[in-house]
Amino acid sequence: MTAVLECAHLVRNFGDLRAVDDVSISVAPGETYGLLGPNGAGKTTTISMICGLLTPNSGTVHVLGQPISPAASAAKAAIGLVPQDIALYPDLSARENLVFFGRLQGLSGPALDSRIDEVLEVVGLRDRAKDRIETYSGGMKRRANIAVGMLHSPRLLVLDEPTVGVDPQSRNSILESVAALGSSGMAVLYTTHYMEEAERICDRIGIIDAGRLIAEGTRAELVSGLGTASAVAVRAGGGGPALEAWRADLAALPGVTVEATDAGANLTCADSSATVAVAFQRASTHRVSITGIEVTVPDLEAVFLQLTGKALRDD
Amino acid sequence: MRAPSVLTQAWLVAGLDLKRRLRDRSVLIQVVLAPVLLALIIGGAFSGGSGSLKANIWLADADNSPTSAAMVAGIAGQSEAGGGGVVFIAKPGLDAAAARQAVDSNQADAAVVIPVGFTDAVEAGKAAEVDVIGDAGDEIVAGVATSIAEALANRTQTQRVATGTTLAAAAQLGVGVDPRVVVAAAGSTPGAITVRDSRFENKYSLMAFFAPGMAMIFLFFVMGAAARSLLTERREGTLARMLAGPTSPSGILLGKAAGVLALGLTSLLAVWAITALGFRVDWGDPLGVLLVITSAVIAIAGISLIVTGLARTESQSQQLTVVLALVLAILGGSFVYTNAGFLAAVRPFTPNGQALMAFTDLAAGNASAADVLPAVLILLGFGAVTGGIGLVAIRKGLAR
Amino acid sequence: MTAVLAIAALEIRRYLRERVSLFTTAIMPVALVLILGTAFGSSTSKIPVGVLDEDHTSVSAEFAADLDKSDVTLTPYTDPDAMARDIRLGFITAGVRIPAGFAASLSTGTPVQVDMTLDQGSANGAAVNSAITAAASALGQVPTAVQVGLTVLGRTDEEARTVLKAAAEQVAAAEPPVAVSRTTVGAVPATGSAFASAIYTQLTLFIFLNGMLAGITLVESRRLGVSRRMLSTPTGIGPYILGVGLGRWGLGLIQATLLLGLGTGVFGVSIGHWPTAVTLTLLWCALAATVGMLLGAVGRTAEQVVAWSVPLGIGMGMLGGCMWPLSVVPAFMRTIGHFTPHAWAVDAWRAIVDHGARFGDVAVDLGVLAAATLGLGTLAVVLLRRSLSR
């Protein structure tokens, strides 16, 4: 099965700055791939190369087996871009924007009209279609952006940070739309610096920082594969030998380290659920009463921190 | 679904641009309303007929003899019919002092005085004098009065010379002549050089000059803005969106250039139509006007494209456009159109100046389309060169 | 008060930082003053006439030279169409065509005719005719005398001609002259030099135009939210508007100082009673400031402000007498013109510079301008308050 998107060893420099350094990504049909990284990591530059807006200094991009470059007009028809800026004409209505860009894609006539109605329905802008873009809220503008991106039924939809500056309700609706598109079989490349979004809708995630792809895989793979452990903080009542014994029992478990605290114990483990279950069971055995328990499961934020020593978001 | 051809892409881009611009009221104001209004104002200002010399010149006949009276009558008869211009008023018996008083008190703009004893002196073969009294504040009228006086003096002298000549020649040839006959003949023979007043129809209206002149200034602004929209689209991302699809940079450029041209053509054609149909201004040979309009638009479009190509930001482009528009307007004669001097020398080197000269020739010089072809070709060449450079520069900026 | 001055200073700095503003504020008006001053500087004391010499002889050249010495300035032409065109355009008042065979005719004593071409509606025939006739009568003296002789003697043969010609030349040389003496009355008017009028007309035009264009900064401030930011400070709307107005006024004054300084310093123009002149200037700058604020209050984008300002500014300048004096236009245009403040300002300037007027003499003009400033200013403040607190 041909990958919808296959880019290999992409490199792009701007003067002395290496913005993208040997990035290789592939996206399978129906897969939603998330490119996760902080601001300035090189996501937009990578996207630009994938969409044929920028020529890589080295490396290749193939969409459906066809090479992509600024000149490859025909191959670009398979890609739908939802750029980071709104990129619509503010003095025109959503419908007028759709008509124009649709025609540029080669659509026309009744086919274009019905397709426009479809996408407006999908993004929920049917009743505001005749209003000028400049009258839209931030969220509505982003939805219009998506509508134009998917208008020509592309095989690969590329979204560059589509929820920046958007109210939670709109963000939710955008994520739902993208998820729906993914499940309907469209290949999606989604960049973001919001971990929750990547976790929520992406099948696979690539973590990018300073131009390099530093990790790639499903969420589970990323979190566990790097050996990041969960932390369980247990507050246990009672004291003395019972507590000691309880702690010793837990320390004996494979993959679990125990740190004794005044209030109980801090455990580091791979599988928090299993460990918690055992902790309760042993507490029962040793007649230790557990008064509080706090589980911290590693997330991509933690993964990123561990890989780069930096926070994913600077907020 | 096949990707549209480059021409179709251009057509779509141009169409969208034109639609967006014509919806914008400010553009409509600049493109049509303003030039027409300004031309109207100018037309109204000069509707009274340009520069006619109005003056009352008194002919003070202090000599008061039949001869002087006849001379004065002859001059007074030259008064401009219809009362405009210079009017000669015969004042029999008025002396120099009174004439001077009249000029001083602005009753007369100037005066020609035939002094007491003039005829006697002439007939006696002595020196004689005609006096001119002018106003220091109006040199031109004083000059006219002087010319009148000179003509009068010369004519008188000529008659004297003619009389003397004839008598002398007659004597030399041995022919007898009656002196009175000689004098009469001298008096009645017209001068050897006469002036024929030959008029031609002048349909020329100043509006035919100012309408295109003003329109072209606004064209710089409006076409500059249209070309600048390319930079705006780059900043706003719509350019990227177009390029992410099957649209090629060439298609976009072609479309942008076509849109700019269409806008310019619309403007000048509209101004032509409105002034010609609404105010009956005759711009001249229609084919010639069309050719000049088209080539002028192409030339100015070229400038807009080169400004866009060389500017790095919209703000830079806007500033350059304004400065260029105003400088070229001044140098090209849109504000002050002189016949000679620095401005006249520099004018042919500006596109709007060339166009204005061509428009003027068509409207006032009875030129035909063929006569303005050289200007048209210069404008087309200018447009091709600047436009070409601009398009190449823009294209380079697009390909990254 | 410091806040107000700070805002005023910022307005001035922001405006002058724009290179375009520098151009329209300083360079363009000076350039136009120079151009207008030199183009129309030499107050024409002669009538411009074109001459088309189709004879190309020394005699025809002499005739042309004689013409040039009279009250006429000659421009030579080689193409009759070009001459006709220039007559239509008004560059020359009339054209004189010296036909081929001019010299030949004169030498044989045959009468010859020169054509004076004018456009149909011209009232200048008599004036030009007089000049041509004067020159013609001088040159034609000998031929005319010969002609008279031939007529009287009833002969046309060569001998007669020769004798007559010789006699004529002799007599003409010997005859006592009939001369023309010229006296001038009245005083030469104060050199309302073209530079003087160019300076105050361009000053009027450009201070107003730039005042309008300054509306752009207000529009931009509003659009960017900067004005709202300013309003959130303890300063509040009133002082803000005052500061902006003060800044605009200052900008106008800078421009006025530049032009007037140029005029008095470089071109040696006298601006008359200077306290009156200064008052007029201050008032005009205030008016320009209020107009700019008005445009800034109602304009939505910078392009919009430019679109309105340029035609309005130029149009009002034209109507008001900044491009050509209102004395040359029909009465109805003069009336229309006085609906613009420009006309009143130019009237006042002319009175001050050319006729030494003082406060009392231009009280009406100053009054009208003051009233306009007050009225527009009030409107501007009201609209600005409303638009800024939106």
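Every chain is named by a letter (A, B and C) in the order it is written, and numbering of its residues begins at 1.
FYI, a residue touches a chain if its C-beta (ideal position, glycine included) is under 8 Å from a C-beta of that chain, and two chains touch if they have at least 3 such contacts.
Quick caveat: nothing in here was measured; it's all calculated off a predicted structure.
Participant: Using only Cα atoms to place each chain's centre, name the chain farthest from chain B.
Facilitator: Farthest from chain B by mean C-alpha position: A.
Participant: So which one's got more C-beta contacts, A-B or B-C?
Facilitator: Of A-B and B-C, more C-beta pairs in contact link B-C.
Participant: Would you mind pulling out the distance in Å between where the CA atoms of chain A average out and where those of chain B do?
Facilitator: 70
Participant: What whole-Å value do you get for the distance between chain B and chain C if each is reduced to the mean of its CA atoms?
Facilitator: 14
Participant: Which chain A residues qualify as touching chain B in the complex?
Facilitator: Answer in residue numbers: 48, 51-55, 70-71, 73-74, 76-77, 79, 81, 83-89, 91-92, 100-101, 103-107, 148, 152.
Participant: Residue numbers of chain B touching chain C in their complex, please.
Facilitator: 26-27, 29-30, 33-34, 37-38, 41-42, 44-55, 78-80, 82, 84-86, 88, 100, 103-104, 122, 125-137, 139-140, 142-144, 146-151, 153-158, 160-166, 168-170, 172-173, 175, 177, 181-182, 185-186, 189-202, 204, 209, 214, 218, 221, 225, 318-319, 322-323, 326, 330, 335-336, 338-339, 341-343, 360-361, 364-367
Participant: Per the contact definition, I'd like the list of chain B residues that touch chain A in the complex.
Facilitator: 1-4, 9, 12-13, 16, 20, 23-24, 236-238, 240-249, 399-400
Participant: Okay, in this complex, where on chain C does chain B touch?
Facilitator: 18-20, 23-24, 28, 31-32, 35-36, 38-39, 43-47, 63, 70-72, 75, 81-82, 84-93, 105-106, 109-127, 129-134, 136-149, 151-153, 159-160, 163-164, 167-168, 170-172, 175-189, 301, 303-304, 306-308, 310-311, 314-315, 318-319, 323-324, 328-330, 332-333, 336
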